[in-house]
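One chain, chain A, links the two complexes that follow: it is found with chain B in the first and with chain C in the second.
Presenting the complex of A and B:
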């Protein structure tokens, strides 16, 4: 989901964001109903490459997505192998991988502005119950944008600790990371206000 | 009536008085605010920009009450901060600039045209599709300026916009801020050379307005105050 829009002219690029999100949601739902068997694992593994081919995205894009998920896949597969049979563990992990890759397809083939418009339209009926669709879509956008910022803040904290000779320690990392993250949230809030959005 | 008018404005944040019974009238097109760290200059700029609500007093910005008509004020102003990272809201350069127009609900074609023109103006056209967070510090600050200026604000408030930039980028950002026409500028800065290029300057000292006047006079007063 952290990948950015890749310009293109494939079928998925041309689809309206709302219909595309719905189609991908249906595909993900269908995947979740597959049984935990070897053939289901094969189907799940084939769905994402097929989707990327339809979108006209190259193998490199798909590989980068899978590579970014390597640790998640390793943990998912490893933990399941402890509790269930290899067949079920592989099928479940394939489904998780396919689901994330399909979700990434939405971001890879849709401009964020189009995605926000679609979310706003989808949530428009909820305005009568007090929910602000514009804020909800803004939240989605900020979530996507903020993850690389948090990664950079985290690496800054680790660098500062290393510069003072502090050993790697999760407990020592969490507090300063929270502090800089909250400071960033404050600044981002001001930036939103400054752009006339509050 | 002055363009920017503060009357007995006090600001208390977390129990600390940051601005104390401040009154000032400012009319110049480019106004520099200078002073030591913690003197209250950023707070003064934020009060003018409606980002900080004064505990007491009145603030009029181009005839708009900064407390009562906050929404109207925010439509007319733009603010640029020192940390460009915190000003990026959308993933790509073009999307981030377009985000500034989102509240206006303009047709998509109009937005695209205005974004393309603005990116061209700020020398960012070649970076339109790039991830905004992957830009250099100078490019990010230009992006922040581009996002601010695309709204054609009457007033631009820039809080140490060159503080984190190298000399070349600082010069580039300063040129956009100081040489563009059509807006009033309130520039908070530690860079006295930058302040000297403004039309009027304000020295803030310990939460109070110290000196207001021609930049060279105000800078001289500031430098005298630094001599131990």
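Presenting the complex of A and C:
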């Protein structure tokens, strides 16, 4: 199962998914109102390590998150330095990094299944307007299981082309990949119909 | 008939197109220069609108983004989680929904798929619509002036133009290779007859007699 979840027993791991999402959203919103000044840059830089410490996630996890954002950081800072003063550039980049790191805490500390349940509960009142929360939840779960299937179909197409000596080419890959994927969609649709979904 | 009702075929196609966009991000992205990584994923967004039509196409993007928000690493380079929605490229992600809707509305405007409408739809929905959502949000997040942000995003224009051309060519080819894909309301009783209409890539809205 592909997921960013990091097992643990920290405070955030034990919080219910819904209230945790709300708390993190408030924190992210508060961060986004920080002014573009030196002290704000310091606050932003301190918030993420603090959040990860509260969550009981190690320095390694935080470092991997920052490392994954290295290009975004480099370009944001570079472009900012071109257009605004160093103080604002540092504060803006630091704030962007801190909000991303903080928002990532939700998925790092919550299982996908728990989040899906929370979404279904959240959507429950929409049944009044003709929406079907269970169908929405089913659609999400089916997509989760379909991603690895398509990744496998895609590598199958690529291997077949490599075996025939075809050069790696996006256009030449996408058409056969789409055809096998859509065939899979039709089979999936038939399977769902056969199980009583209309 | 409730037009928002999804039958099994709709659910399968919407799920598969969301997964196609995710799978196109898997090779690691073709290049990661820039705040917004250049990937094949926008190609998938264009194809979702062109093949599924406006609201199913947009819905498949909503599904993909919902899963990203739930923490699946489905964006190019294995990015995922709510963090993607507060970063500089957040607006472009929301732009995918609008883009797929506009592409679908234009490409599926007539009773049959035509070459010029396919190109027009993908061009309009794939670039101006996505940029129109993406650039202001990026400017807001990074607190750069709108003009500077727009200037910065010009870096992606050549790649996006190539993707538009590619998506249009792929859509037209797909209409010949797998015409069933373009049926907006496929009924179980039509086992894809090989009619002349299908051979020419006509999108059959109503079952072909």
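Methods note: the second predicted complex is superposed on the first by the 125 of 198 C-alpha atoms of A that agree within 3 Å, B and C clash if a C-alpha of one lies under 4 Å from a C-alpha of the other, contacts with A are read in each partner's own complex, and residues count from 1 in each chain.
In this section, a contact is a pair of C-beta atoms (placed from the backbone, for glycine too) under 8 Å apart; a residue touches a chain by one contact, two chains touch by 3 or more.
This is a predicted model, so every value here is computed, not measured.
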| item | value |
| --- | --- |
| Touch count on chain A, higher of chain B and chain C | C |
| First (chain B), second (chain C), both or neither touched by A:9 | neither |
| Contacts of A:149 with chain B and chain C, given as first, second, both or neither | both |
| First (chain B), second (chain C), both or neither touched by A:32 | second |
| First, second, both or neither for A:164, with chain B first and chain C second | neither |
| First, second, both or neither for A:128, with chain B first and chain C second | neither |
| Chain A positions touched by chain B in one structure and by chain C in the second | 4-5, 112, 116, 142, 144, 149, 184, 188, 190, 192-193, 197 |
| Chain A-touching residues of chain B, taken from the complex the two chains share | 49-51, 74-75, 77-81, 83, 85-92, 95, 98-100, 102-103, 129, 131-133, 147-148, 151 |
| Residue numbers on chain C that touch chain A, as the complex places them | 2, 4, 6-20, 22-24, 26, 30, 32-35, 37, 40, 43, 47, 51, 63-64, 66-67, 70-74, 77-88, 141-145, 148, 152, 166, 169-170, 173-174, 177-178, 180-181, 188 |
| Chain A residues touching chain C - in the complex, by the definition given at the top | 2-5, 21, 24-25, 28, 32, 36, 68, 71-72, 75-76, 79-80, 82-84, 88, 92, 96, 99-104, 106-108, 110, 112, 115-116, 119, 130-132, 135, 138-140, 142-144, 146-147, 149-151, 154, 170-171, 174-175, 177-179, 181-186, 188-190, 192-193, 197-198 |
| Sites on chain A touched by chain B in the complex | 4-5, 7, 111-113, 116, 141-142, 144-145, 148-149, 152, 184, 187-188, 190-197 |
